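Below: the structure, in structure tokens.
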Amino acid sequence: MAQIGALGDKIYRSVLLIAASSILLIVFAIFYMMIQNSMPTIQRFGIGFLFASEWNPSQQMYGALPFIYGTVVSSLIAILIAVPVSLGIAIFLVEQAPAKVARPIAFMVELLAAIPSVVYGLWGIFVLAPFIRNHLGPVLQDYLGFLPLFQGRLTGIGMLTGGIILAIMITPIITAVVRDVLDAVPTTQREAALALGATKWETTMVVLGNAASGIAGAVVLGLGRAVGETMAVTMVIGNSPQISASLFEPAYTIASVLAANFADATEELYLSALIEMGLVLFLVTLVINALAKLLIMSVANKTNAAKHV
Amino acid sequence: MERTMSTHNTRRRVVNAFMTALTAACAISVTLILLIILAYIAYQGVTSISIEFLIDTPKPVGEGGGIGNAIVGSAMMTLLAALIGLPIGIAAGVYLAEFGKNWYGNIVRFVADTLIGVPSIIIGIFIYTLIVIPMGRQSGLAGGIALAIIMIPIVARTTEEMILLVPNSMREGALALGAPQWRVSWNIVLPAAASGIATGAMLAIARITGETAPLLFTALNSRFYNFFYDQPMSSLTVQIYNYATGPFAVEHAMAWAATLLLVGLILVINIIVRFLTRKKH
Amino acid sequence: MESKISITNLDFYYGKEQALFDITLEIPPREVVAFIGPSGCGKSTFLRTLNRMNDTIPIARVTGTVLIDGENIYRPGMDVVALRRKVGMVFQKSNPFPKSIFENVAYGIRINGLHSGKSDLDARVEKALRDAALWDEVKDRLSTSAFGLSGGQQQRLCIARALAVQPDVILMDEPASALDPIATQKIEELVVGLKQDYTIVIVTHNMQQAARVSDRTAFFMLGKLVEYNPTQKMFTNPDEKLTEDYITGRFG
């Protein structure tokens, strides 16, 4: 009987171990397959691939710079908008709103994360882009038109639209992590500040100080999502491999060039160039996610916050 | 001194009121954005949705058409993904919860979390190189497996979390009766965590139902009803993408209608899960 | 003599649950008053009604009056922020901010705008640390993290932080319960010294501590004030049988 039990334990444990190890295997296999399939361009262009700005598949010119530029700038726009808003929401939910108000609002913000990317893209094309073309864009040009950022033709499709849609999409995840990080700050810190005659807002600043590294983790996590977000951006950013100072001009991101061109890439070098960009994206998101996880764990190891990473 | 003191305090009070209002404004504006998006989908979608639309296949512009094959394709690939992803994900989660308090468990956990953050288009490329190239064509199989890979780490982590919620006393009680560990885990702990694992699985299914990027070049698309996994397969999301980026207003209308169906389904799942988890706590 | 704090018919509710019953109590200025009683008797809850710290609990409700210097702190329109500056508080577990020692003490001075210039700030921080009998131990490492201090030092830092905003009253919620005997003794000496300038209310579960530091003692049980008398009398010849039973250790 004891032996049957021991054997059963062994089998059970082995099956589970294989399942758990499959996760490691998947990540390793992704890494391997992508390196292998991007060998043609790695060998031909070397590191220069990342810094070349010409992209013309018909002439076998493959430079990743416009896509890296587009990815970085659209993600920065998203972060600049989403971080303050997410902090505001999280502070409102944790520090200010009574539970009756906080609960439904928190649920609605979570629902925002459940809407598929392609739906944001659809909405972006038909609602956000016209709004930017007809309302936001002209206002920005009237008041800030002297900046190169806001010059050029206004089609509604371009870098700014991509950044704004990304901002909406990463707000729920940043909010969720910041909420959990704030929740993890001991009540005694709030009481200490209140007892010294701090106002509610001053108390909140003390709480934010306690949560600083967790908030940094939330921001990095949001950045990781923005960098990898694909469909919505592909649908509104204009898909043009150029580096322009104007945020109204069309641009391209790594993820969107993959989405838009991968199915047509029949030629070996073209396919390799795309896969190499995918590899870059993969490595960048791995590093960003690992960093975010470390930052969040440092404040909230035993709390909910770690689960979002 | 008295005067500067009172201006100082007035300023503090103003800052406090202003910042309180500002955070509330953030919360309200994002809630409004959600409502605007949902209202727009409902408004645009309702006008184009019909029974024929739900059962027809795409047709040349002007001849109507529908998303029947896309619904079938999405269902088939989601089913395949669930059949592969759920058992592996749940087993991995059980491993992490029951045997994962060591260096290997920590590595798996860390890698699972980073895999969750990997853009889904990367999974698409991976499956393209792994399955589509050797098979020589896109297929529902490739699409389903891509979705399964997205599910596995998510399901693993929620399963682990749910199992850890099961009180240790329950486990110890059974172990004290002389039951082997696998029996305790399988017969006692898993059933106790079952409803939590099920809600986690539902959320993971809702998530992959909305995925587009990993299907674009694995399952590709199809204009016909297709019930075979070795053939290219249509999906709701890819169909929405194609309709949305097409030039014709009738296609845009069909994109909205398909979106209404997709978002409706995802919202219903989320609200059900919300309701179930709320009742318990 | 005029009372510093005067509590009349105070009732306190957590939702529908009543936690304090009809408490009436006078606290004279520049004395140490100790609240004692078994755990869960409401002594901490009562302490927290004196600087309206219970306001942070949504379901809490107070009726009755608390006058501090003749002003009812529960009147509508009361400035709670100003109240808490006047009525400082030290908590059961030391709770320094994750900042330097200096910045911990400077925090309350800064937010309340009490200082005029950097040198005044330095002077105020030094005075608070001296008053809390901590200056000599930390003067060479003011810019290091407060978390580097021992538990007893952290608690004295929290006292210094409270003193720095120049309160009239200091509420202490079992300030030494997490400390070893030597650190506890230092806190007790500090409390006795501070009463020359401050009115101090201290909650303690330790009856010897109450006997050592306080001028008056209030004994609470099940949310009711059982007896309130000079400490000397309380511990030698209490009016109530219940008090005597508790003090002599005949129950919990």
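A, B and C label the chains in the order they appear, each numbered from 1.
Basically, a residue touches a chain if its C-beta (ideal position, glycine included) is under 8 Å from a C-beta of that chain, and two chains touch if they have at least 3 such contacts.
Being a predicted model, the structure only gives us computed values, none of them experimental.
Just to note, of B-C and A-B, the chains joined by more C-beta pairs in contact are A-B. Ranked by how close its mean Cα position lies to the mean of all protein Cα atoms, the top chain is A.
In terms of their C-alpha centroids, the spacing between subunit A and subunit C amounts to 48 Å.
Chain centres here are Cα averages; for subunit B and subunit C they lie 52 Å apart. Subunit A and subunit B have Cα centroids lying 16 Å from one another. Residues of subunit B in contact with at least two other chains: 12. Touching two or more other chains at once are residues 199, 202 of subunit A.
Shown for subunit C are the residues in touch with two or more other chains, namely 81-82, 111-112.
If you check the complex, the residues on subunit B that touch subunit A are 12-13, 15-16, 19-20, 22-27, 29-31, 33-37, 40-41, 44, 87-89, 91-92, 94-96, 98-100, 105, 107-108, 110-126, 128-130, 149, 152-153, 156-157, 161, 179-183, 185-186, 206-207, 209-213, 216-217, 220, 237, 240-241, 244-245, 252, 255-256, 259, 262-263, 266-267, 270, 274.
By the touch criterion given at the top, residues 81-82, 111-113 of subunit C touch subunit B in their complex.
Residues 4-5, 8-9, 12 of subunit B are the ones that touch subunit C when the two sit in their complex.
Subunit A contributes residues 98-99, 186, 188-199, 202, 206, 209-210 to its touches with subunit C in the complex.
Partner subunit A is touched in their complex by these residues of subunit C: 51, 53, 56, 58, 81-82, 84-86, 88-89, 91, 93, 95-99, 107-108, 111-112, 158, 161-162, 165.
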